[in-house]
Structures are given as C-alpha cells and as structure tokens.
Amino acid sequence: VGARGYSGLELCRILLKHPAIQLGPCFATSADWKLSDFLPEASNVPVLPMSELNNACEKVDVVFLATPAEVSMKLAPALIQAGKKVVDLSGAYRLEADAFNKWYGHAHESADLLPSASYGLVPWAKPMPSGAGLVANPGCYATAILMGLIPVLRAGAIDASTLVIDAKSGASGAGRKAAENLLFTEVDGECLPYRVGRHQHLPEVQRYLAQWGGVEVDPIFVTSLLPVRRGIVAGMYARLSPAWAKLDDAAAEAKLSQAFNEAYGDYPLVQHAAGEKPAMLSLKRVAGSARTQISYVVKGGKLHLFSLIDNLVKGAAGQAVENVNRWLDLPAHAGLLDREGLL
Amino acid sequence: VGARGYSGLELCRILLKHPAIQLGPCFATSADWKLSDFLPEASNVPVLPMSELNNACEKVDVVFLATPAEVSMKLAPALIQAGKKVVDLSGAYRLEADAFNKWYGHAHESADLLPSASYGLVPWAKPMPSGAGLVANPGCYATAILMGLIPVLRAGAIDASTLVIDAKSGASGAGRKAAENLLFTEVDGECLPYRVGRHQHLPEVQRYLAQWGGVEVDPIFVTSLLPVRRGIVAGMYARLSPAWAKLDDAAAEAKLSQAFNEAYGDYPLVQHAAGEKPAMLSLKRVAGSARTQISYVVKGGKLHLFSLIDNLVKGAAGQAVENVNRWLDLPAHAGLLDREGLL
Amino acid sequence: VGARGYSGLELCRILLKHPAIQLGPCFATSADWKLSDFLPEASNVPVLPMSELNNACEKVDVVFLATPAEVSMKLAPALIQAGKKVVDLSGAYRLEADAFNKWYGHAHESADLLPSASYGLVPWAKPMPSGAGLVANPGCYATAILMGLIPVLRAGAIDASTLVIDAKSGASGAGRKAAENLLFTEVDGECLPYRVGRHQHLPEVQRYLAQWGGVEVDPIFVTSLLPVRRGIVAGMYARLSPAWAKLDDAAAEAKLSQAFNEAYGDYPLVQHAAGEKPAMLSLKRVAGSARTQISYVVKGGKLHLFSLIDNLVKGAAGQAVENVNRWLDLPAHAGLLDREGLL
Amino acid sequence: VGARGYSGLELCRILLKHPAIQLGPCFATSADWKLSDFLPEASNVPVLPMSELNNACEKVDVVFLATPAEVSMKLAPALIQAGKKVVDLSGAYRLEADAFNKWYGHAHESADLLPSASYGLVPWAKPMPSGAGLVANPGCYATAILMGLIPVLRAGAIDASTLVIDAKSGASGAGRKAAENLLFTEVDGECLPYRVGRHQHLPEVQRYLAQWGGVEVDPIFVTSLLPVRRGIVAGMYARLSPAWAKLDDAAAEAKLSQAFNEAYGDYPLVQHAAGEKPAMLSLKRVAGSARTQISYVVKGGKLHLFSLIDNLVKGAAGQAVENVNRWLDLPAHAGLLDREGLL
C-alpha cells in the first residue's frame, strides 16, 4: 500500500525478485500511475485504488503499509483483524502512545495496537510468532544509528553522557512530495540542518538504545539534508568510558571490532572495519543494498563512529522484507543480497 | 512584482547594486517572506502584498513584472495607463495574439497592447522612446538561441533548412514552484527532454530570427532539463550554405569570428571564440552574469554553435535591466558587469 | 583484465551473479587494491598483477580486456593464440586499420587481427562461431546511437543527409583517471561539449550504420559531458524521408513503433515508446541495467529520437557479457536482467 | 602567486574590483594559462612564470601567496626581506614550529618567521603595524569554527569538555589537483569523513580558541567531503556550562544572541540568528561572499551551533583581502560586500 512513494516502489522492486515471496496487488492514490513504467518486470502486477484495499487483500498473507503515519494508524486495525501479517513502514507504531502524541503532533487513532507491535530492527528484534501481527518497521535515521550504537553500548565502550549524533540524509528520505524546499534548485549545493533537537526519530533511538543497548541516553541529535538522492551517513561521537579510556587507541579499536563481530557475526548484512576511511565505506555502494556499513576510529580516547545505510532499503523497504523473511522462517537476507539502485 | 520567484529575486539583487536605479517596493504573494533573508543589503526594501500594487507604484518610474504570463497580461494595462515604463519578464507580450493563444493555451486578455510592445533582445532591439511603454523581455531559451544565430544568419553562413537546436536548461528555469518532477531526487542524475517540438519559445525564436536574421526558419527544436541549478547551453547545428561550404573549415571559422565581431563589437556582454572548447566557455562562470558566451566549430562544412547564458540573468532579470538601462539612456551594461551567483 | 577501472568493476559485479559463468582471477595494475572492498561477495576472487596474466589465464575460457586500446592491442594476440575467447572493451578492434590510425592517433600493433574481429553490437551482431576469437565490444556512444538509429534507417524513415546527433554522457564514461577537467568542482554545474566533430566514436557509428542500417551517413555529431555519474542520452534528429513525410505525425510514430517492434521484438533488453516523455524514460533507472530505452516524437515531419543506456553496462560491461552469453549459447540477457547501480 | 588555483583565482576576482587595490602581475606554474579566460576583466593583467617573481614584485606593496605550505615557507623570507607585506594563504605560518612539523609532516624551512607572523582571523586579529610583515591567513575549517565558537567560549556558555565539531566542506576545498578521489564520479552521491581526528586544522582551532576564547579545548573533530563545489558547514555541539544550564532554552538563546552582537556588532560580514533553520542560512548564498552565517539552537541545555562560510572567500581569498584592507587602513570589508560565485 503506497506503491508510488519512494519506499513503496523499492518494496515492489525487491519483492519482484524475491525467491519466496510473490508480489500481489499494489495500491496507490494516483489512478493513472503505472508500476511497469518504473519496473519493467512488473507488467502483470495490478495497481488498484485504495478503496479496493480490503477486498483485494483477501488472498494475501502479508500487507506492507508504505503510507504516512496518519494513514497507517487508520488502516492497520482492520488488516490485523482480518488475520494479516502487517509491516508498517511509517512511524505509527514505534513509540508509546504518549510519546507518539508528543513527537508526531496528533493523537494516535489505534493506540491499542501499540503494545503488541514489534519494533523490527533486524537482527536485534526477536522473531515474530506465526499468525497475524504488526511489525513497526524502524525509521531510517533510527536504523542507521541503532545498528552502530547498540554493540558499542553493550560493550560498555563509551561514556553515554557525551554522545553526539550528527546524521545526514539524502533527499529521497523526505519522500516524493512536492515541496518548495525539496526542489533541485534548493537542495543542490546545500547541506542544512533541520528539526534540530526535535526530530521524531530521537525518541525512537532513545527507546531502543535503552532496550538493546541497556543505557538511557540523552544525546545531542542533529539531522541535515544532503544533496544526494539516497543514503544516510550517521556520525556518532563520544568519549570512551573510564574502563575503555585506559586502553590505547589501537586496543580500543580492536575491542570494538570484536564487539561488532559478536553482534553481527551471524548476520550477513553488516560490513564493519576500523580505520579512518575503510575502502568499503561508500554511500553510493550501499545504495540499493540492505547492508549497513560501519566504521570506527578511536583517537585520544574519543570514538568516531560512522554508520551508512540506504534510507530506502535498510532504512525502509529492505528491512521490511527482512522482517517478513524472518516471519516466514526464511533467511533474513533472502532476496536482499542483490544491491540495486533505483533512483 | 513577483520578488519571491527566482527571476524576481535576481532582479532585486541586481537593482540593489545598480549605480543609477533605486529599488522601490517589491511585491510578493507570500505574506511572511522577507527579502533581507535572501539579500542582506535589502533590509530597507519593503515587500508588499499584491493588493497594494497600484497605490505603491505611484512614485516609481519603472515596473518589472516577474510574474506568470496569465498575471502579467492582467497587470500591464493599468500600469501602462498610469504612465509607467513596464518590463514584463513573462511570455505575455512576445508573440502575436494568434500565436500566443496557440502556444500558451489560453486567450490573451490584453492583446491590444501587443502591437506596441517591444521585444527587448539587447543589443538587437531598437531603443525605446522615452515615456510610458511596454518591453517584452525575451525568454531564456530564445535569448540564448537568438544571440548565437542572428549573426550567423545575417552572414548567410548556413543552410537554414538544416538547422537543429538542442538546448538544455538548469532547473531554476522552471521557477520556484513545488512540483514532483522538479524535486532533487527526480532531477539529479537525469537529463531528459521535455516539450519536444512544442516548447513555447520556438515561435519566439522563429519570429525574431525572421526579423533580425532575415530568414524564416523551421528548426528541429529540443529542450532538456539539466541537473544544474542555473544556466542554458544551446547547441545549434547546421550545414553551411553553399557559398560558405566552399571555404575550408578554418576560413569559415574566421569569417564567423568576423561576423560576431561585427554584431557585438560595441556590446561588452558577449564573449565569443572559435574552437572546440575555448577556455572561457563555462556555465558556472556565466552564472550570475549578464554575459553570453558563444563558441563555434566548423568541421567538414558543418557548423556546431554553442551559446551559453544564465537563464536568470541574461535570460531574465539581467536583460530586463539592460532594457531599462537603454530606456534611461544609461550604458546597456550598467550594473551588470558584476557576476554574482545567487543560487 | 583491468578490474579496477569503472568498466572492469562492472564486469566483476555482473559476473559474480551470473548463473552460468564463474568469475576467474582478475588483473589490476594497482597492487594493494582489493576487489572485495567494492564487491563484498568477491572475497574469494584473486586480484593478480598484470605480469601473471598469461600463466593465470590457462584455466579460463574467456578473457575480458577492460583496458585502454593501446594495452588491448598488445594483449589480444597472445590470448587468441592461446585459444581463448577474447572480448575487448576498448576501441582497438572496432575500426579498420587506416581509420584506427587516424582517429586514435597512433599505429595499430595488431592490425592483422582486425579482419577476424567481430563487432559485438547485440542483438545486431551475428553469433560467434565456437572456439577462439575476438569480439570488439562497441563503444558507449556508438551503442546508444546504433541501437536507436539502425531500425529507423532500415525502415527508410529519415532523410539521412539531415541527421544530427547530440549525445551527452555521465562522467564515468571518461574512466577512473585523475584529470583536472574531471574533478567534481569542474564537472558539477556544467554541460560542455568536447571533441566536437572529432570523437572517435563517429567513424564507428558510420561504419555500422552502413553495415546494419544500409546507409552511408555523415551526421553532425556532438558529445557533451553531463554532471551525472553514469548514463548516456543520445538525441538524434532528422527530417523524415519523402515517403514518410507524407504521413501525418501520429501515423509516422506508429510506423516507427512497428519498426522497433520488428527490430527488438525478440530481444528483452530494449524498451521503446512513442511520446514526448514516456514515463519509463529515465537515466537513473537505466543505470545499472543492460537495457536500452528508446523514445521518439514526430512533429511536423521531423523526427526526435532519444536513446538512453548506462555507459558502463549496455555501453561496456553488460554488452560484453551479452556477447559471451551468445558465444556460450546462453540467452543473450543471462545475468543481465537485474538492474543494479554501483556508482 | 598561485593564481591558477581555486583560492588564487578568487583573489584575482576580488582584487580586480577592489576600490583601493590594484591587481599587479600574477604568477602561475602553467605557462599557457590565461587569466582572462576565467575573468574577462583581467585582459591586462600579466601572468608570469614563478621564476620572475622576485623581479616582478619590485613594484608591488603586497604579495599574496596562494601556494602550498611547502612553497610558501620557501618564498616568504625573501619577500619579507624585500620589504613586502605578505599574506600567506597556506598553513605554513599558523602553528608553532613543533606543531607544524608534527601536523604537516615535514620540517619547517623558515621557522624563524613564525614568531612575527600574525594569524589573520578578522575581526579578532589585532591590526598589523605598517611596514613589512607576514600575515598567516587562517585555514578554511578553522575560520568557520573560530568565528562561531570564540563568542560562545568568551560568554562562558558551554562546558568545553563536551565539545564536538562535525564540519563538512565542498570539493573546492581540496584545491584544483588531479586526484582520483576527487573525481566527479567519486565525490557525487557521497559524504564521507576523512582525516578523522587528525586534520591539520585541529591544532589551529585549539591554539586560537585558547588565545581568543580563553579556553583550552580538546574537541572531537570530524571533517567530511560534501558533494557541493564550495562552502563549509561547521556543526558545533556542546552541553551548556553549569551557569547557563540554569537558564531555560529561550533565555540561553537570547544570551547567545547578545554575545554574537557584542562580538560582531561592528563587523558587517557576520549574519547570525537563533532558530532551527533561519531563512538567511544557505551555503549557496554564502558562496562567493566574505560573510559568515551563524545560527544556534538551544534545546534541553544542549547547544547546536552552525557556522557557514565560503571556503574560498571567508575561508581563503576574502579573508586575505580583509587582512590587507586593515593593513592599509581601509574598511575591513572594502571590496568584499559583493557576493559573486565563480565556481
């Protein structure tokens, strides 16, 4: 649902080649829009108006909601009721009700679903029980940040009170909506901060760092708009914890390397390396991919950590498919090892 | 009028530093927009709502309309009536009534002004008589093309029946309007044709090539959207005329050089050079400038002619100021030799 | 051979996922370069110095030369001698000896191989006989242009004496070589012509338009550098032939559509559509893909034809794989239907 | 000296229009390079080979060295000896000898000049005494950072032990040198960190924050390469000091505003504003300008400070001219209020 948006289109692209999932009907608000113009392989996939959603979903097992939070919170209850597995790519089910109301600026219309929604950060999330259910697919910034910080916090490497996050995102992160400030002429040549200290992904980061990293953090958090189409670079900076500060820099980097190996040893979609600019690090090469690239430099007891993802794949559609893969007992990365840039 | 648009803002920028013109009140539809956010020197320039136009214009000599054609054709009559010099940057007064109706898709509402409107291609246009009047400021593509082709046609250099024009424009040419197809994510990485064979600047080019070049032409005409903020590159290609085809290529280039010298010898805002890639040729360096850069290569009896302008300066605001300069008996380039990129 | 260049790297990317070809050892001049930094799946692929080429090739069936023409013309003879199938991505074997000497500016060192080299434009080229042999993989501009023009010429649609080609290429077309004029600061914001009328792909276009289109053409030919990473847009313009000029525009477009269907009906890697801006047309979406996108507009008896490819895939590595697929009696598009942008 | 580099060319552009300084001969290593190709107004300015430097400088009062540090440290002594005012744009004279040797990786060849060199951060630097002398023009990152942080530190606003600096620069900051990692195809689509924790501007920042801010700081310091041509965005983040942390956020922002007014009230080249995204903030609009744009947000006791400059103007050529303006008792901003983008 929401096939015409950037994340929705990525979902279609991935699902069309998925070895074990078949793409069913898609839903879009724009009547004359043709999926096969964007994905030549999709000539047999019907694109239906939203009004046909409930009928048309009868035959499907899984529904992906690539819709705004306000739409998702209206659509999800009936789908769950109908026994569907639902993966919501919006922010509707990532926070508790109070936090949602505060950070999204309007009241939740299906808050009763919140307790049962599972925050689908892969590989950290627990597998879903079979049967109907709701996965809240993580936000793009939150994904990049959590993938990098959880192992660091678990290892006790940093003094969390010194944490600063400076994350930059490509323009597709804002979605395909006509807005003056997203015009080429406006975005090109700039790199400006926005929603400073009040981005709705901040409480999401805090909630799940507490859950999986075991630490309550109150970081400085800045987001900026990059003049690139896709990709997030999250820079995360902190002083080492007292215990780690006794190590020399190389030893600290080695221990970090070990921490990432432990965290992601069984998970094929993370690449990590110590060093200032590991050759594998590249926003362009992570684009189209469900991978997360992580690099780290320790210098004078300070940690410089970078996490790169494609905001539309690991940060949206790709992770949504990972969640379904696990739900269906497929390998988490099924259909996801092919990197492929659509934009 | 229309200060908030890209062309309007350029006008303000140029006029603020003009040695002999003082910028009066500006008009914009957006109430809370502040000109001084964009031009720090403009803190004393009032920005008024459109409703105050007629009152506020009482004290001014010249009114620039940086508004869409539909708005300009409504505003111009009263301003002329009030004795103002009016320079209209839209397409409202560049064509005859029939052609306007056909190419702009709606009926002209002040067609009676058309016969007296002067098409302000500088230096080709005749000076305006003093007193009230209306200058139709040329279109951006038309300017780039006419500046390059008029001297060539006057020299009899080409077989006009073979003429092909492939012109590319930066994204600011489409104005500051929120539209999906102008989003950064859409424009970046592309260079797609649009309005193929039906761009409204085609009849404008034809009309004034006939007037100043002395030849009726029916060229192949293609426009494309470049992933750059500002600037037009117009490529113009033709076989040489039989007389010129007898020359060797170097001799033909030398004669073209002479033709451009004759055309623009007294006009400081054209740079021209023979050769494949003269070092002066640069869209970035013409940006912010009222200059036109022209280069030409003759190879095997074929002419490859390139004309580069800034769509917002020579192609809009800068040429509008040239027109007023001449109207006020100032040097055509007064206030225009400073190059300065705003976007 | 030449795995570190942009085309070489694309070859590795494609071959790693090819269902029927196994990537053997790669060769690069840079000793400390690691393929797996760019392609995580390639951790087991050895990268060897050029000196080990002849030894290491013993076990392989096919050798791809992604090397400059000067290198290819030295390497190919021994490889052919050793019984290998050789696909050369350079310009070394696309022209006759005299033409090569003239357009490439130096003498050919293995001109005796030229008569047996097969110009591998797929699907136009005839299949290779089994056994050793040499395929000259077409140039990127030439590919885009020939794919668009051959069906048009075969249909007798245009007056070839009026043909003008204005082709623009992304910066990866110039290869990964450090050069001042290819720096980001230089290329960004520009779209300048280069090698006007003297690009080495012109004789290649002429030779094979004659061979497969049946017409000797002497087009105006312009190439420009686009500020995008990858992709070619070739604009091709001509007056219709007298026979076709009698048709109205829509009928001419319909006949063109038929001509493209006949030419490419059995070939899955061409998308074509009449119309000013078909929704499928997109440089970004063709990037990473072996597809060719073709659109055409007839207006007033004039043809506006556009052909879009990825210069690194259909214009280089992807077509090289198509050639080997056919050589090995695989479907031409084996391993090529996945679109995937690496840059 | 060094007119062909990006900073050198900017110097020429500014000086050509300076109301009180006349541009003398320029020096470049490339023999056939013509300044007037880049600056049409410069047709009378001679460009000489470096070998003529000492002779040709006889008649000039001021010499600008827009050369690498290794060249500047060789050229400066003789020029000072000859009684010239010298402004060096390189890093040769910004640090003490030991620090230079460590951070620039080679021994200083004219360390005896270091004690008398004046670090020219305007408006913080004291005016130069008349007569010969040496100004070390500040580095681009250092300028952006110091302009933002000095007033903050003087006001005692932050806990300096929590300071993190994440600064991003456009590609022109790396100069016009052919390097693979600066190719368009490499830079476009990326935003990667480099020289993490070891950038040579770090000790420069530390030295002058101590001098003018009164605090020894040991910040986390990250630099990244932006896919834009020019401009630096320096993000500076810290927890408020205990005294300031007692204020509510709005009160803290108001006090910061006062601190910037006190620091820059008499200096016309700083714009500052509290707020998340003040409308004046724009890398594109600061491009070509000697201005510094500063914005600040206080949220929950955390400071988010942004400082934007053009790396080539305030970060290089423009500040060099400011230094000479003050040396010659001209207004600091003479010749600098015109904004004009060359790239």
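Each chain gets a letter, A, B, C and D, in the order it is written, and its residues are counted from 1.
As a convention for this text, a contact is a pair of C-beta atoms (placed from the backbone, for glycine too) under 8 Å apart; a residue touches a chain by one contact, two chains touch by 3 or more.
Being a predicted model, the structure only gives us computed values, none of them experimental.
Interface comparison, A-D against A-B: more C-beta pairs in contact at A-D. Centroid distances built from C-alpha atoms place D farthest away from subunit C. Subunit B and subunit D, compared by their mean Cα positions, are separated by 37 Å.
Centroids of subunit A and subunit B (each the mean of its C-alpha atoms) stand 46 Å apart. Distance from the subunit A centre to the subunit D centre is 38 Å, each centre being the mean of its Cα atoms. Annotation for subunit D: residues touching 2 or more other chains are 188-189, 227-229, 284, 287, 343. Residues 17, 34, 36-38, 40-41, 229, 271, 278-280, 284-285, 287-288, 291, 337-343 of subunit D are the ones touching subunit B in the complex. Across the complex, subunit D meets subunit A through its residues 162, 164, 166, 168, 188-198, 218, 220, 222, 224, 226-229, 231, 233, 235, 237-239, 276-277, 281-284, 287, 297, 299-300, 302, 304, 306. Taken together, the subunit B residues at the contact with subunit A in this complex read 6, 170-172, 176-180, 182-189, 227-230, 343.
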